[in-house]
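First chain A sits with chain B, and in the next complex the same chain sits with chain C.
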Partner chain A sequence: MFHRKKSLWLFLLPGLIGLMIFYVIPFFGGIYFSMTDGTINNQLVGIVNYKELWQNEVFQLGLKNTLELSLLCAPTIFVLSFVLSAMLRSLKDKSLSFRNILVLPYLMPTSALLLIWLLLFDYGGVINRIVSSMGLKRVLWLESAALRVPIVLMYVWKNVGFSVVIFSAALQAIPEAYYEFASLEGANPLQKELKITLPQILPTAFLVFVLAWVNAFKIFKEIYFIGGAYPHDAVYTLQHFMNNKFAALDYQDVTAAAYSFAVIVLVLFGVLYMSRAVRTNDV
Partner chain B sequence: MKKILSFMLMLALFISLIPPARAAQGDLTLFALDPQDNSRWEKAAIDLAGDGDTLYILMGDKVYTWQPGGEMQVLIDGILTSRNYYEADIEERSGQPVFSSLFVEDGKITVLDTMVGSVFTVESIDGGKAVCSEPVMLEMDARIEEEDETYLNFQFERSMLAGNTLFVIGYDWESGSGDQELFVWDITTGERKETSLEGVQAMCEYKDGKLLCVTCDPQNMYDSETQSYRPWTLAIYDPAADTLEEVTQVGEVRYYDARNIVYSEENDTFYLAVSNKIYRMVGLENFELAAYHPASSMWAEGKAVAAVGNQVAVFDEYGVYVRTPDPAQLPTATLSIYNYYDTPEHMQAVAALGDIPVFFSDNTYFNSAQEMGQALSSGENQLDILSVQLDWIDFNRLMEKGYCYDLSGSEALTSYVKELYPFIQDAVTQDGKLMALPYTVYGSDWHYNKKAFEELNLPVPTTYAELIALMNEWAKEENSENWEEYTLLPDEGEYKPQVFYDFFEDYEQYMLSKGETLSLDTDTFRSVMGALETMDTENVEVMVDWSEVGDDEVPEEVEELWNKEALVANYYSIGLYNQGDMVPLPLRIDENSEHFIPMHLSVLFVNPKSKNIDAAVKYLEELAKAYRKNTQNLMELSPNYNEPVLNEYYEDNLENMENAVARMEKEIEEAEPIDKPALQENLDSYKEMVEEYKVTGRYRIGEDMIELYRDCMQYAVLARPSVMNNGEDDSFFTLRQRYLDEQITLEQFITEGSSKLRLIQLENQ
Partner chain C sequence: MKKYHLRPGRLLCYLLLIAVCAFVLLPIVMTFAYSFFPQSEIKSYLGMRSNYKEDAFMPFLLSPARFSLRQYYTILIETPKYLNLFVNSVKYTAAILLGQLLIIPMTAYALSRFRFHGRDLLFFCVLTLMLLPFQVTMAPSVITMRTLHLMDTVWAVILPMIFSPFYIFLLRQFMIGLPNELLEAGMIDGAGTVRCFIHVVIPVCRPILGAFIALSFADCWNMVEQPLIYLSRRQSAMPLSVLFNQISTENSEIAFAGAALYILPALLIYSYFQEDILLGIQLSELK
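And then the complex of A and B:
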């Protein structure tokens, strides 16, 4: 037993060293940075940076936009991917090609996708031509608050395929016999979905929702490519704030913002996880 | 006794381990010119040659020799060189040998004449006068022979002689490619030889008849991935076989600096002299820093470096310096300066510092105050003194974060700064402490052609709206009679974007100078932009599609444009120099704003983490002392100096002009009757110019110029780093372009732009 334990640590050592060097030490180093004043002597100032950060209007704007965008995108992906998966299930053998088509945007580089979006939503682009033909005024999709629309659409279009794949796998795992038995008992399609499908895919649904939400927090490069470091207020995210501060070598603000956000995310997911745990116990 | 001996032995050992703070033995400044002497270029060294233990120096109108431990001796006197060639009359200099570059072997002096492209030898020296052989003319297409004299359309960059073969790196402007090339000649016959060598930057003799070359791939010098120049390659060239064998790469050298090399067979050591440093390779191994020297810009048509025994000599326009290249004797205390250059004031400060070498750190570039602060904080680059221009770098941020050493303890510096304009003092002071030494300032603003405005009876605009109204009026058809002689702006292209960009910049600087929150959503901005939208100057614009024009071509319409006098221009600087008829036009943003002129100030500050703070402060003190002697600079920085400055070349110039008049009169007498009217017209025009010069040329800085400058300085404000053009983000550029391309309206531009500005400003609070 003792021998096994010793060799266990030996095998774990390289990984642990790597973890220390690339994660643990930088993590605590970052906390230290976030509590210094950024002068030539880098003196500790406690939580002053955090106080100033939370009072900064632009940080608040970035945080608000990040949460709004994530709350817009994550449920949309969740619902849409579930609906699409259900539809694909009904196609049975023919569903593979459609699933592949849905996954294709996920595999393409974002910059390539953005080119398509820029063509579509440019002031003289396809979308505005359609809008004009309907007798409406053209919209500044890429320079105004309306930028949210193409961003959300693009994000959902790019990421829904991945969630569809996960949901499809979960749906396929549900034994057909349950549905047959429900049919025999006189259940209608809606009842089958609510009483059989949803409870069976709950763990997967939780996973899909978490993944969608985590990825939605990271919406940045799409907006950056279109709007630059300072896009419209409506799409200025926390990542913009951190990116600009990093470019200005203001590491104190970057780290303070990053750790603040990490705490928020931790709390949010903690709440989610706890509520799921409670539900599971109920079931 | 034993104890005493042991102690002495230990002491001796200890002392031998202390690195030398002083320069290496044998280091000396052989010859130094007064940096403030404006005629130093005529007296400065032109070329060097080493022959065993004897250094030959071509300087002024003499050839000197020097040996270690001795004094400079005059070997040859009263010669024509490429520096004093044009001071002599055409008759005097025609056919005379010109000493441009020396090559000495075993006492035999061979000379390259770069004025006519020939080579000759000094056969004997009689009482300091050289008796020279018949010159051998080098086979060159670039030689232009005219009735009175011969001249070359060729530029010599570096030359070396190996046996009877002359290697020259230069430019043949007559029939060459336009790129730097290697030319090879046999000096016994003048015949040009072919060579397969390419990309050679410098050459020197090696051993066994071979040569050392520093080469590069001229098409591939810059590495865009690392954003730096690729290192040079040191190679051995065998002229007999015409082969090149690579030895090693030469690093740490600026791309244009790898041109001064020499090999000492006695020590089997290769030396590369660059700005302020000498590197060596013993046995062509181990490239290492071996010595420092004061020369920053070493240039010669022949060689700016020579080996003398175990020492190396270099020169620049300020002096000749001898060094003993030995890494073990490198001084420990040095001063490194970022973003400055070898001004006469710098050379004086360097001389005053004595044994502490000073060099420029030119391989570094900081895009922002944050980047600079990060480098200072981390200690990388080891910069002691930094120069910044305050509208490029946020100097306030540097001061706030403690990146500037407090110079208040220096009486010399504080008393100097107290004399400067108040806005300059404020810029370098924080909480009453002096943080930097200002050393130069200039303004940039619109200028107008005063003479033309008076002739054409045009109203002088005082605001942007008035300027735009003037432009619109000028472009109307009814004024076309004036278009022949005058142009509105000096450049081709659309005028609206030019005015727009200038206004945008001025608007930002004005708001920053007032300390107001920057926003485009103001009545002021709207009113000027409204006027700009009415701008219609198509009639007078010259449009060119440069993509359809060849590299060396200039379209006819552009040449015509450049020959006209401009009414207004937006690229002149404001300072104490003659701009001809162009006079500053400090425009107000609108009628409710004040006049203002953004002034670009450059300062030097000390890194508080410098290991040589005392030396750095002393350097600044000596620099300030030297700048006090630079009258023009002082007058620009301080309101207290208003005495006109005489033009030291006035008498010489007037004499030359009067000689030219005499020559032209003689030419007219001897000319054919049919040519006389045209020549007379030229002479009359020239005489007018001479009369004008008698009035305007006496002073380099006259009373009128000083008065005009002081008038401008009452509107001076410090130019600050742009928020909207910070180079890090091009979203403003895109927004402005979309507005100019009429993809968005003015209101949309104002709304989006203001939103961006608000974000930027709040983010940085």
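And then the complex of A and C:
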């Protein structure tokens, strides 16, 4: 650890200036902006924008959908990636190629593969073939509220590998001796998972869940490509609302929506996680 | 010795993982396979979509009537629009990655290896910014871009991404895990902070740098939200990620060759850095 070195500024300053100009100052400046009326005089009007925004039904719809979609995706990714990593661990070094394949979709551009998904979920597509062969009625996957299913599937397909990589790293860090000792003591596999694996990977599990959740708020691309700027009501996200408000040059609503969302997110988990991370990483 | 790994259980693991991986690879393999179909076949196949008659199912195309490179020829030689957008995407990605490689390792080094007033506060800021959803940072940033007269210029897309808080966090977590002896050895040999950075820290950070390049490449190559907002009045400067969907709808006969070419750079980056992605994340303290 270096103390009182002048060269600190050489390393810190470029990043610090960039963070300040493009993230920190806008964040605080925007709070002021969200409380002005947006006319030429730009008078301060307090929380009027927020009051109007929260009564706006389109905003409510976007916020509700974004939260619901993220709550469909994040737990799915969390559970699936844990199960996959546990399976991969039991295969030891033979798991490498599986892990490599699982992370591949994370690098794939969304719009390039969209057409394949559209083919699979078409009314006459493979998925509906399976559905009707099970004796059920075909589903309008792309034209109705059922669009949520392909959206969630596409999102999980793309992002589960990244969580698997983080989980696998944590699982590999658990000393094998713990499990061998537990076997000697007569523990069954389930007991081992609950009593050894779970407590050992808890901090990582927390990170995986938080990252999966924050990323799931971003679900937008797939919906935008399928439904454009005004998709079905079941998948109209907060990002749609903000893009459309932005196109209408309604910056006050855009910023007010942003901060409303920020408050919700931060209350949900931010403060708790960050205070802990700063403490545990203090060297 | 290890009764825990019973054979039937292991076999089941293999089968399940093979099934999952097959599903993961399916869309990618199908895209490449369809890119070698003749244009007429693809066009008529895609034209069969959205048929709501109750007895009509789409056939499942497995092999082309005849193997054809015509899609590639059309998209590379006859359709300049696709290539222009592809070049736009390359430019954005290269500019952002270059900027990030210059700035982010230095910032992470300062945040992990120096002790100074306000360091924890600054790291707290980086963490908060990382956890804020894109929608939240985007809105105030738009106002800044307007103030700086950068709206509808390529810089509005490039500059904020160069200082991406997530990658500062990722590299900082790796660097903070480096043993102190490593740097002390460098200092005993007479190296200052700069020489330590270039000759000691950067070489041992190779896996996380690889992971960072691959993940950041994926972000840039696939960015949609940023150009939609920041370049809304500059359609000609849009990257492929935003407009590919439009091309593949309008010219469905070349959609799969376009998609395959679009995927190709991502595949190359992936195959070059795949070990780093696993190793880099494994070695950094992500807790």
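Rule of thumb we're sticking to: the second predicted complex is superposed on the first by the 242 of 283 C-alpha atoms of A that agree within 3 Å, B and C clash if a C-alpha of one lies under 4 Å from a C-alpha of the other, contacts with A are read in each partner's own complex, and residues count from 1 in each chain.
Going forward, a contact is a pair of C-beta atoms (placed from the backbone, for glycine too) under 8 Å apart; a residue touches a chain by one contact, two chains touch by 3 or more.
Since we're looking at a predicted model, the values are computed, not measured.
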First (chain B), second (chain C), both or neither touched by A:193: neither
First (chain B), second (chain C), both or neither touched by A:57: first
Greater chain A contact set [chain C / chain B]: C
Partner chain in contact with A:42 - chain B first, chain C second, else both or neither: first
First, second, both or neither for A:247, with chain B first and chain C second: both
Which of chain B and chain C A:68 touches, first, second, both or neither: neither
Which superposed partner A:123 touches (first chain B, second chain C, both, neither): both
Contacts of A:218 with chain B and chain C, given as first, second, both or neither: second
Interface residues of chain A shared between complexes with chain B and chain C: 123-124, 247
Footprint of chain A on chain C - complex, ascending: 2-5, 9-10, 13-14, 16-17, 20-21, 23-28, 30-31, 46, 48-52, 54, 56-58, 60, 102-104, 106-107, 109-111, 113-116, 120, 122-144, 159-160, 162-163, 165, 168, 173, 176, 180, 192-194, 197, 214-215, 217-218, 221-222, 224-225, 228-229, 232, 240-242, 244-245, 248, 255-256, 258-260, 262-263, 266-267, 269-270, 274, 277-278, 281-283, 285-287
Residues of chain B defined as touching chain A within the complex: 368, 370-371, 373-374, 376-377, 400-403, 608-609, 728-731, 734-735, 738, 743-744, 748, 751-752, 755-756, 758-760, 762-765
Complex contacts: residues of chain A adjacent to chain B: 38-42, 56-58, 61, 123-124, 140, 143-144, 227-233, 236, 241, 244-245, 247-250
Chain C-facing residues of chain A, complex: 1-5, 7-8, 10-12, 14-16, 18-19, 21-27, 29-30, 33, 84, 87-88, 90-91, 95-96, 98-119, 122-126, 128-129, 138, 157, 161, 165-166, 168-170, 172-173, 179-180, 183, 189, 192, 203-204, 206-207, 210, 214, 217-218, 220-221, 224-225, 238-239, 242-243, 246-247, 251, 254-255, 257-259, 261-262, 265-266, 269-270, 273-274, 277-278, 280-283
